[in-house]
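Across the two complexes that follow, chain A remains constant while its partner is chain B and subsequently chain C.
On to the complex of A and B.
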């Protein structure tokens, strides 16, 4: 008898529980109807930092929006997916996120080749897409590649080349540096970036002579050959487009040969915290641009953002990719609010020419330029390294008026306008 | 003759079923799956002509797959020719390249053959990476593929591309099936089982080997064309050596001894990729464990395993 009663109770409990379980999703759906944003990047392999340090900035922004009631009254549900750095996977994942998972917006945090593949998918699908990590200028500068609903919230190669050229020419004139050498990774990015830098350097200071150009292989563990070649050429200045792990290895090995005291070194990618902290003895006096620095712009908002990132991410340092992705979400938020819709065309119309408040700008505001869908007015500048925190000091901001003017000339010479 | 009619009938049926599916289940992911499957299955099956039927283990077959994507995408972008002409021209470029590469490689045997084919692929990969002006280097060929309209049908439309991929796959498989069933196919198996004996029986071994090398290259390049249309461009990852590894995995998982083994293997590989990528970032780990299970558990590809269990002997029969 006792057993029987227990069994009956059990059945009732089970019935009630099943009814609740069946009803739950319906209730949840009615309340939520989440706004899904597809976020794709490289989360595995040697450049997983691209994805993880992007996500590390995206998630807190989404949490902030959701805590404040969501976007258009809907909670944002991010769907992160790994493309493993393969363009064909990037294209597939982008389609899957929109067609199968029902994402209404794409945040493409892929490296350049993935971004180009995603761009073509967006052309077909017509959803709002923000590329947050590709710095290759042609993605937005070339009208043949441009897509009506795709934007870029990242820095751009040509901007870096102009500011780098202007700043380096100024330093070179002051210190009388006319004999130069270069050392950059041996692939399209390294060669393009170096050629562009030299072009703008010569624009500002025509009497530049390049004595030696070294092209180490990407991921090469040993830079001895390149370093001795540079030292033998006896230049007064050295430019390098090396970055990330290769750059910290290069600096560590260059220290052994006293490379950094033998000449004035210019390295645009030095000013990124993971690199600065990976170098054993950071030499003083390297000229470097900012990738991301919590001290540039030297505002309370930027410092607070940097500190919050570390708090949210096991004390890891934010990267250049982190601020670019934070900016992507802020633009998506502002554009969708303004358009009152996630529809690709409407949101893209709202995003064109949109200006938002940003901690990553010396003026406190960044703009999504209407004519070519790319980010401008972000913090871009050069400073000098010191061995201890804040690692890069005397930051001198680039002049956005000058950037716009020279960028236009550059576009004309490439047949883009 | 009956066999050919039967195979064609099955092929027509498969295309008809695939054409009907989107009207019943409107899943774009399924269409994407079939398009990628078509590309990779043609590639893997073409490699199996060498590995399974001739006993030539090529590690660099991705050369021809990548050559297909680049030749086709470049012809479409840089010249004004129509899609069918670019398609045929791509096959011609592949044929010429395969004759040159094959003439060097087929003189070698076993591991030497494998490594020289790999070296050839890496050479082509380096050329593509270095020739930035033509290929865009490591950033890939950007800007999409223009004029994707054939006889009024726009392959830019996903459903059309899906049908196109299905038809190309079926025709490609039928042609390869026909090749292995002819007396030429018998010569291939004879060379695989005993090359010296084949030579004594009057088979000109190098000619047969070179012919099958070129044929398999052409089918791989058709797979490349489908991939190029899918990603709307060409990227160095599509000609780098891991892509050859994908085809070898597909053969290993599906079965080297069955004609449809590589196709089944491709489906398993792509399904695993899609399912595992949705769940975890440790894709490589999951895939490694599953391949180990196949190698140590089944000790052969899935289709070979099933055929043997049913009491048959795989048609391509590794003896």
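On to the complex of A and C.
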């Protein structure tokens, strides 16, 4: 009896040991075979904030997924690479991340110039890629540039132009502002964004006259001559697509010329916390879009996300790029779960038209539009600056129905559809 | 090209006043950086590609001092003093080892310092940009002179830059140490043979060059964004100034910087899409017609 029991236990032990032995390689494989996601951005140089504030949002999302058991049972291993803002380097890094480092998914947190280069690499390699920082519309709007496995989780220039045009026309009509000037950085983004803004401003208010256009160099230390040129033109309103450090310098230099009391100023990129907090004497009354504001949308989820970002990042403020990258990881997570695979084609099919919960939307949900692989329904609106927190008040959300309608017309006029 | 707008501007007192003061302020800050660059080249024949870094560090030191003490003057002085010390260390530890060496070697050392300092700034102050903000004493409305807009802060900057530039010029021309520096620029071996400590002299030149760039960084900090790598763009323009003015000529640097500032301020009205190009055209014309620069034969 004793012997039999011992024998039975022995058999159970053997069976359990066998099961464990069979399971071990799977566990070991899961631990030894992490899901590598290649993340490239600009981590050095004057616009390193692009990369650092992207990473500041990406890493907590990955930590959250890993703490909950990973994705498809595999721990996510991010591999960060610095492209230094050079498109050729961005393309090389993307290829290396997939071919050498074994990344199965790319999160391209490059600026637009780099994103276009990465797009062509993705076309060749066929991996799932989410562009998280490029706002230049043609990347996903132009069917010639579109790639089956590439998506955009960033806001889009044409969306901002439509909402900005509608809001600015409303303010311009109320304040009778017909004479305008512009001041934007002298490269593709600045010129395209300004042209699109004026196009939609004139759509809503046709009697706009542009008296002066200034094109300072990106990263220019001094805007004095551009500011004085604007003052000489005596416009009633000014639009500027300057952003980040350039915008901060422009506001500080404009202040000494009392520029902001001489005309109504519209600056879409003003509503980003690093700018708002860096400008020491923020003029009241600037019309600004939201880039990232913890107060817009005014929800507990958004405020909590903003607070968590600061807690995770030495009290640094999140940027527009932060929420775009948080969104990228959430879409990757949802798509891979839905597809049950990291295969580029399968995950892309799952991502097309996918809607997820999001703190960055006035409706609580954002969607990856199937037809052009771009993000819609995110929070987009304009408000008015005040010198102290919350810095931008009276936010008016854009109308996504109107955005969709005018975006379609814009695509038609550009031959995209 | 908008020649009508340019003509309207030069015949309008308000535009003339506004754009001239705008050109002067751009030019004077440029002069302060370029003066140090040209001084170092004049005496040591070193093309200091790290000079923009002095400007950047001066601005950051001024920013932190201002944040700590609330005094703009202390901030500017700390920026200048800090960079004078940094200039001496830079010269003694690195540059002194490549005197007479290939220019490529000097370039590599300077470039390495630029990259190291950019990264150090990121570690110490972070990758975000900063703005000092206008000191309370200058938070005043602009003056209107003949219809033109002139900010009091910029008048102060122009005066301070002129005083520093004038003081430097007088020191080099009239004082004993100035004469020794000029002599060293002509014939360093003879100066050394006369028993003068050239090691100390060279360090002093780097200290003065660094101090000028640091002061410029500190003076400009209230109106410019502080970012890692901010010294690069001003370095390029400073080189244009030194090339036009003549490598080694302080007076040439002053005139070239003011000319460049005026090209920018009036060029942005008449040639809005070609303002940068105008600066380089001016440089090419000088290089072709007078390769040594406007005052190139004057050494210091």
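Basically, the second predicted complex is superposed on the first by the 385 of 417 C-alpha atoms of A that agree within 3 Å, B and C clash if a C-alpha of one lies under 4 Å from a C-alpha of the other, contacts with A are read in each partner's own complex, and residues count from 1 in each chain.
By definition in this document, contacts are C-beta pairs under 8 Å (C-beta built on N, C-alpha and C of every residue); 3 or more make two chains touch, one makes a residue touch a chain.
Here the structure is a predicted model, which is why all the values come from computation and not from measurement.
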Chain A superposed: clash or fit between chain B and chain C? fit
Considering only touches as defined above, state whether A:49 meets chain B (first), chain C (second), both or neither. second
Applying the document's definition of touch, where does A:386 land relative to chain B and chain C: first, second, both, or neither? neither
Which of chain B and chain C A:334 touches, first, second, both or neither: neither
Touching A:245, do we find chain B (first), chain C (second), both, or neither? second
After the superposition on A, what does A:316 contact: first (chain B), second (chain C), both or neither? second
Could you say whether A:219 touches chain B, chain C, both of them, or neither, answering first, second, both or neither? second
With both complexes placed on chain A, how many Å separate the closest C-alpha atoms of chain B and chain C? 5
Where chain B and chain C land on the same part of chain A: residues 44, 48
Touching residues on chain C, where the partner in the complex is chain A: 9, 14-15, 18-19, 22-23, 25-26, 29, 118-119, 122, 126-134, 138-139, 141-142, 149, 151, 153-154, 220, 222-230, 232-234, 264-265, 267-269, 272-273, 275-276
Could you pull out which chain B residues touch chain A in their complex? 27-29, 32, 36, 129, 132, 136-140, 142-144, 156, 158, 227, 230-233, 235-238, 273-274, 277-278, 281-284
Residues of chain A touching chain B in their complex? 43-44, 48, 81-82, 84-89, 91-93, 95-96, 99-100, 112-113, 116-117, 120-121, 123-124, 136, 138-139, 142, 144-145, 187-189, 191-192
In the complex, the residues of chain A that touch chain C are 44-46, 48-49, 52, 213-215, 217, 219-222, 224-229, 231-232, 244-246, 248-249, 252-253, 255-258, 274, 278-281, 316
